[in-house]
Amino acid sequence: MSLAQLNVDQIKPLLAPLAEQARKLIGQGKVADYIPALKQVASNQFGVAVCDINGNVISFGDATTPFSIQSISKLFTLVQAIKIYDETLWEKIGKEPSGQRFNSLVQLETDHGIPRNPFINAGALAVCDRLESRLSAPNYQLIELLQKLAKNPFIKTNLKVARSELEHGSRNAAMAYLMKAFDNFANPVEKVLESYCHHCAIEMSCVDLAKATLFLANSGVDLNGDKILDRSQTVRINALMATCGLYDASGEFAFQVGLPGKSGVGGGIVAIHPKHFSICVWSPELDEFGNSKAATEFLKILTDELKISIY
Amino acid sequence: MSLAQLNVDQIKPLLAPLAEQARKLIGQGKVADYIPALKQVASNQFGVAVCDINGNVISFGDATTPFSIQSISKLFTLVQAIKIYDETLWEKIGKEPSGQRFNSLVQLETDHGIPRNPFINAGALAVCDRLESRLSAPNYQLIELLQKLAKNPFIKTNLKVARSELEHGSRNAAMAYLMKAFDNFANPVEKVLESYCHHCAIEMSCVDLAKATLFLANSGVDLNGDKILDRSQTVRINALMATCGLYDASGEFAFQVGLPGKSGVGGGIVAIHPKHFSICVWSPELDEFGNSKAATEFLKILTDELKISIY
Amino acid sequence: MSLAQLNVDQIKPLLAPLAEQARKLIGQGKVADYIPALKQVASNQFGVAVCDINGNVISFGDATTPFSIQSISKLFTLVQAIKIYDETLWEKIGKEPSGQRFNSLVQLETDHGIPRNPFINAGALAVCDRLESRLSAPNYQLIELLQKLAKNPFIKTNLKVARSELEHGSRNAAMAYLMKAFDNFANPVEKVLESYCHHCAIEMSCVDLAKATLFLANSGVDLNGDKILDRSQTVRINALMATCGLYDASGEFAFQVGLPGKSGVGGGIVAIHPKHFSICVWSPELDEFGNSKAATEFLKILTDELKISIY
Amino acid sequence: MSLAQLNVDQIKPLLAPLAEQARKLIGQGKVADYIPALKQVASNQFGVAVCDINGNVISFGDATTPFSIQSISKLFTLVQAIKIYDETLWEKIGKEPSGQRFNSLVQLETDHGIPRNPFINAGALAVCDRLESRLSAPNYQLIELLQKLAKNPFIKTNLKVARSELEHGSRNAAMAYLMKAFDNFANPVEKVLESYCHHCAIEMSCVDLAKATLFLANSGVDLNGDKILDRSQTVRINALMATCGLYDASGEFAFQVGLPGKSGVGGGIVAIHPKHFSICVWSPELDEFGNSKAATEFLKILTDELKISIY
């Protein structure tokens, strides 16, 4: 298929059959269980939504059911931080794949408190710390951004999940304090952790997320026609997703799927086809790396079928 | 610029001015000095060659001077191994960025002898081990492949460099023996190391390498019109280059340049723009990660100028 | 010299000449500077006190000057914890040398939140956590114990140092939270850290510490004739000091000095000659491992001169 | 019991009852199985021999059955190396507990090829490398030393075991090459590995080993009245055994047993009570750290019963 002609009409007839195929993996993974509120999600759900650069949206399955975006929030806080700090954001945050679990402290100590990238927990906490220094109301302002990007005023945080995250946040606290010990964390740990946990507990649907990430496929311009980032910043965020977006399975995702993406333990994965479309697939059961099994599979067979790996 | 129209005529006028800009970094890096034969290379050389999918080649500077391809050879041995083993190659070789130095043993022990990817030394040694099991004359057959891909019958190994590599190969021997201890290395270590060192010591020019890698931009079809790999294998090799090709600076390279690439400590970097062109830039001085400073800079400003990051 | 006859009269004439020799190292080390309050200590001080099992005390130099006992406090909190928990203390605290810096988190993560031994920071924090669960007033009760052991009612905490420790306690907080993440820390981190910092900031002199540790040389019986620990518990604490007491220089200390010992970054080192005597040497300048240079040297030449390594 | 009076007559009546108690652990461990020749040893064997400084020997059980001394050989090669190099031996070999498995490469890389101590595999290989540089026939000269120390001209190497060790020696080869890469290994790896494997395959009985290590309890003087090491060298070797002799269970052994010791995966453990006696206990089944379960238990209950921990 020639990419020049790619639009949602060509993808639409594939959604149902590919979803059926991907759904076969349901039952082989495991819903995130580190907090009670996530464990209760029905595991057999599956949804997908695609938004092309003309603003057309197609979807299938549980595509309008809100789910916990979890680490996908790291993508949006990074966008906020780049808008504020641009290149200076990278002074004490890396851009390299970590080669380690997303919540590991080993590397953070070896690297003297500099997190490898903004998509592992330590890096996202550092990003939230930077935002805390410059935003008056980080949680409110993130929700506001997401509502605008997705054109949905009903996006909100699940406060029960946020509280539960906070209660189980000791490892994140350890990371934040370790960065503080290396003078790479300016604000009170408790305050930043609270923001971080609220961000993770935001609930959005596949349709919301496909719309909200469209600007990444569209050189930085969102569905409202507003410039969120400039072209150069946009391609660089996509590059980061391509190398670091799926934790320590980022290499495998690039190999099998071939699109920049970002996953969350709520079971959602967003992916970008630059200049063409954004997509969000959701199914709660995770593989050993914390990425949705069925969502990954769907993306793999979709890009194989359409021959649309960016590589 | 619309990618649809991209061809070498549009790139040609940029080569001289961008080369001039990139050459300003010469003097800030350091020529590889771990073996005497490499240390003697004149550090102020700079060359670039581009080959588009129509087979047109443009070049500038020291583009026809042969240099030691070093780790760029890992790309071609991987191609050979994928042709032979296809998916089974990955049984005991990973596809993830390592997050560590290219010659580190730490991760290899932690991961029970499974190298993270085929582009770090341990992974390339594992690839050579697999080739040793199936090829009658690995060195000869690699040279033969390169001569065909580059359409240059004069490509050969610098035997003095190969010998010198072997004499300084204790760390590579340590890796191979560690894999053997984990039952992930079938052939005699000495024999595989000899092949490996001969591969690294092959000499090619920018023009040779741009031509030889064109099939990676052309869905697997080389300059002779022969199918080297199928489309799916090709995009997957490009994906691996994108996440792992520049050692532990792969994330930065994706961020700054936005093309899949593979570097060598001889100072060469090849990069691929899928469906459009292959490029090789060479300048001997390296940064702290072992990648050519001026070549990286050239690629960065070229993709910025033309707005052709794949992300 | 036959150990059967060893008493303080034989050691006494050696104190002055050996102190003179050890003092020559003053100027080559570095006073602890991670908190302002410690940095201000005059670096040319040197004191030593010995207490034999008959209760005789000899001393030389600045032996009655109180100094910050710092990590030597870990020895006494361990004693308190063993009195309360006995063998059950070791359920989630190890007894092995760590082979790493005293404040490293790497191993703590690898070992799933089980600190290697009670003398590295993580282990001492775990001990303080256990004490917090069972003591009504940990700080007061430790001071009370020390006053009794040293027969000195004036021993107290330097509150300025304690506050300063707390302000620079991010790394310790990181360790405590990491243990909490592994369910190996029961009490609020802030509360335990406060106790821990107060313990480190206790000030005692060489004479105080020689007296206070005499029970470890005397099968568990202190200067008042009270049984602090039973014989079996006592030799086991001495064994722990022998293998883990001087951080990652414990092997060198055993090799050079040959006595179980415990050091602190205030510059004090206590050492035990089982059945014979306890000794405390103090001089503020530290080596790269955080142990007093002159105090280590004094102990080395004393045990060489008297041929009294326990090995 | 007063140590002043300790002699083998007091220990003798305890051997049978304590052996009975220790033998109860047989069945809970696992005979070393990494080479076929070791795996075939009957697992229910148990022997013990004690030699006091007057040269009296007592024994019980399978005390005259030769077994593979394995890592206990590291003690004797260290003695040889100290006789030749004295203090200069330690220039590129450490004296610290490693805190890691005896055959780990992680630390060796982090520490730039300097092994932590002479009792882990890397350290013992470095010691053998030093001996290779100075001895004309390392294997012959070690056997000669052992025959003299044990007064037994029939001690010899089991060549079948030696060959089998060599065939399974890839990990040791990896360590040796890694040290070579850091310029800390002078001789050909193959040659040193051959010596090392022959040393490990020497067979001695409990009686042989108790006699052969008596000099370590006797200030360096052996059963023949010959000075093997001076007093200072002797106590320092004992100190090293105390902190590093039982791999990463050295802390636990000091805690439970309280004597310097050295173990081997053949199931033997030698221990020293300075100024009093040497002891060797043997039973083939190992714990998870590679130390004999029943032999460790015997030593623990013996030192508890006699109250003879050196601490």
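Each chain gets a letter, A, B, C and D, in the order it is written, and its residues are counted from 1.
As a working rule, contacts are C-beta pairs under 8 Å (C-beta built on N, C-alpha and C of every residue); 3 or more make two chains touch, one makes a residue touch a chain.
The shown structure was predicted, so the numbers you read here are calculated from the model rather than taken from an experiment.
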Query raised in the report: So which chains are sitting against chain A and chain B at once?
Result: none
Query raised in the report: Using each chain's Cα centroid, which is most distant from the centroid of chain D?
Result: A
**Report entry** Mean-CA-position distance for chain D and chain A (Å)
**Finding:** 55
Query raised in the report: When the C-alpha atoms of chain A and chain C are each averaged to a single point, how far apart are the two points in Å?
Result: 49
Report summary line: So chain B residues touching two or more other chains come to none
**Report entry** Pairwise touch network: line, ring, star, complete, or other
**Finding:** ring
Report task. Show which residues of chain B lie in contact with chain A when the two form their complex. Result -> 4, 94-100, 107, 116-117, 231-232, 235-236, 238-240, 242-244, 248-252, 254-256, 258, 260, 272, 274, 304, 307, 309-311
Requested in this report: Sort out for me which residues of chain D touch chain B in the complex.
Outcome: 104-106, 109-110, 170-171, 173-178, 180-181, 189
